[in-house]
Amino acid sequence: MLLGRVTGTVVASQKEPLMEGWKLLVVRQLDAENHEAGGYVVAADAVGAGVGEVVLYATGSSARQTETTKDRPCDAVIMAIVDTWEIGGTEVYRK
Amino acid sequence: MLLGRVTGTVVASQKEPLMEGWKLLVVRQLDAENHEAGGYVVAADAVGAGVGEVVLYATGSSARQTETTKDRPCDAVIMAIVDTWEIGGTEVYRK
Amino acid sequence: MLLGRVTGTVVASQKEPLMEGWKLLVVRQLDAENHEAGGYVVAADAVGAGVGEVVLYATGSSARQTETTKDRPCDAVIMAIVDTWEIGGTEVYRK
Amino acid sequence: MLLGRVTGTVVASQKEPLMEGWKLLVVRQLDAENHEAGGYVVAADAVGAGVGEVVLYATGSSARQTETTKDRPCDAVIMAIVDTWEIGGTEVYRK
Amino acid sequence: MLLGRVTGTVVASQKEPLMEGWKLLVVRQLDAENHEAGGYVVAADAVGAGVGEVVLYATGSSARQTETTKDRPCDAVIMAIVDTWEIGGTEVYRK
């Protein structure tokens, strides 16, 4: 899994029927020091995340192991909202 | 999933029988600000996309979760045509 | 899927029994303008491709969805020989 | 699999129910000479690893093949604590 | 699949029970011209490879399609020892 910050939303009306009901969020990847790492994904939201929040996301087939995404064409899912993380005993981020 | 712009088409007559009927589109990856990001994929089209459109595409095993691609050797599928996306409350793209 | 040019062959006699009978080809990745993109894969051939041909190849679990590679330890397969592709209405390649 | 060093922890209370009970660790990738390679993952721990330890981790669908992660939305798992590794007959690391 | 050279070994006693019996080898990726390409993986050995040998390895879920690795948390497997490969009709490597 990777850490990311939700920065935006995507709207699509003409789509695969199995995507119906997904909230599609733009997530920018964070490095382990809480800086933007350059990449992004558009992820389905499985936990009620919103713009600005720091989240944990999974990619690949593992992104289809949530109730929201099971057997659907999803390759990135937000699976947790991060409360805090620390590196080497120092807190890097707190919600 | 990633955002991309459909820029071309691929034609192949000598192919795996399970690919029969696919429309193969060249999709250039876009970054979150709607600039071309350098990479591309050739994706099967599951939603009737055309050259010039901005789409959402999935890769890996998730690309086999649409009716068009189920149990077929597809590792990239166009699954939605994007209407609009925004970053930090600002609209980046509108169809 | 990605576009590539077959540039070589690999021979291996001491191997996983499930690989028996595969033709192993070195495929150099092409970018969307038909230039070599730097990377390569060794792919199993599912369509009778030969050295010099431009092909479409799939990677990951999707590479196991052809008759040649089903349930075998294959992560890259040549699934089509490209006749032509075009970008922005301009033909980039013709066989 | 890749070698990594556990450098931190992530806490998330609002999450996919299937993640319940996971210990989430920040793992920095190591190169083959035991230098930090730049990347990281947040991995579920299947072997009782702690901060500072050198571990082996798997990514993708293979990360769901442990008892801890089976059928759960996990794309990175710590599957072993490394005792020692050597390159070209020279010991690079010993626990 | 990719070409690589076995350069080392990894020993881990505290591990996922399903890894029991694996020989874990450090494999450096080779480019198509037989130069080291920078990356590496730690792969399970399915064919009796040893340090110094040039091998073919598969990654991702395909790495679980050998007898050694079936249903186990393996994302990289050595599946063949390379005898020879050639590029553009010129032999690049012979065992």
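So that you can tell them apart, the chains are marked A, B, C, D and E in the order they are listed, and the count of residues begins at 1 in each.
The rule is short, and it goes like this: a contact is a pair of C-beta atoms (placed from the backbone, for glycine too) under 8 Å apart; a residue touches a chain by one contact, two chains touch by 3 or more.
Because the structure is a prediction, the values reported are computed rather than measured.
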{"item": "Joint neighbours of chain E and chain C, given as chain labels", "value": "none"}
{"item": "Length of the line joining the C-alpha centres of chain D and chain E, rounded to whole Å", "value": "20"}
{"item": "Intercentroid distance (Cα basis), chain D paired with chain C, Å", "value": "32"}
{"item": "Chain E, residues touching no fewer than two other chains", "value": "60-61, 63-64"}
{"item": "Going round from chain D, first to chain E: chain order", "value": "D, E, C, B, A"}
{"item": "Residues of chain C that touch chain B when the two form their complex", "value": "1-3, 31-32, 46-48, 56, 58-66, 77, 79-89, 92"}
{"item": "For the chain A and chain B complex, residues of the former touching the latter", "value": "7-16, 18-19, 24, 26, 28, 40-43, 51, 60-61, 63-64, 71-76"}
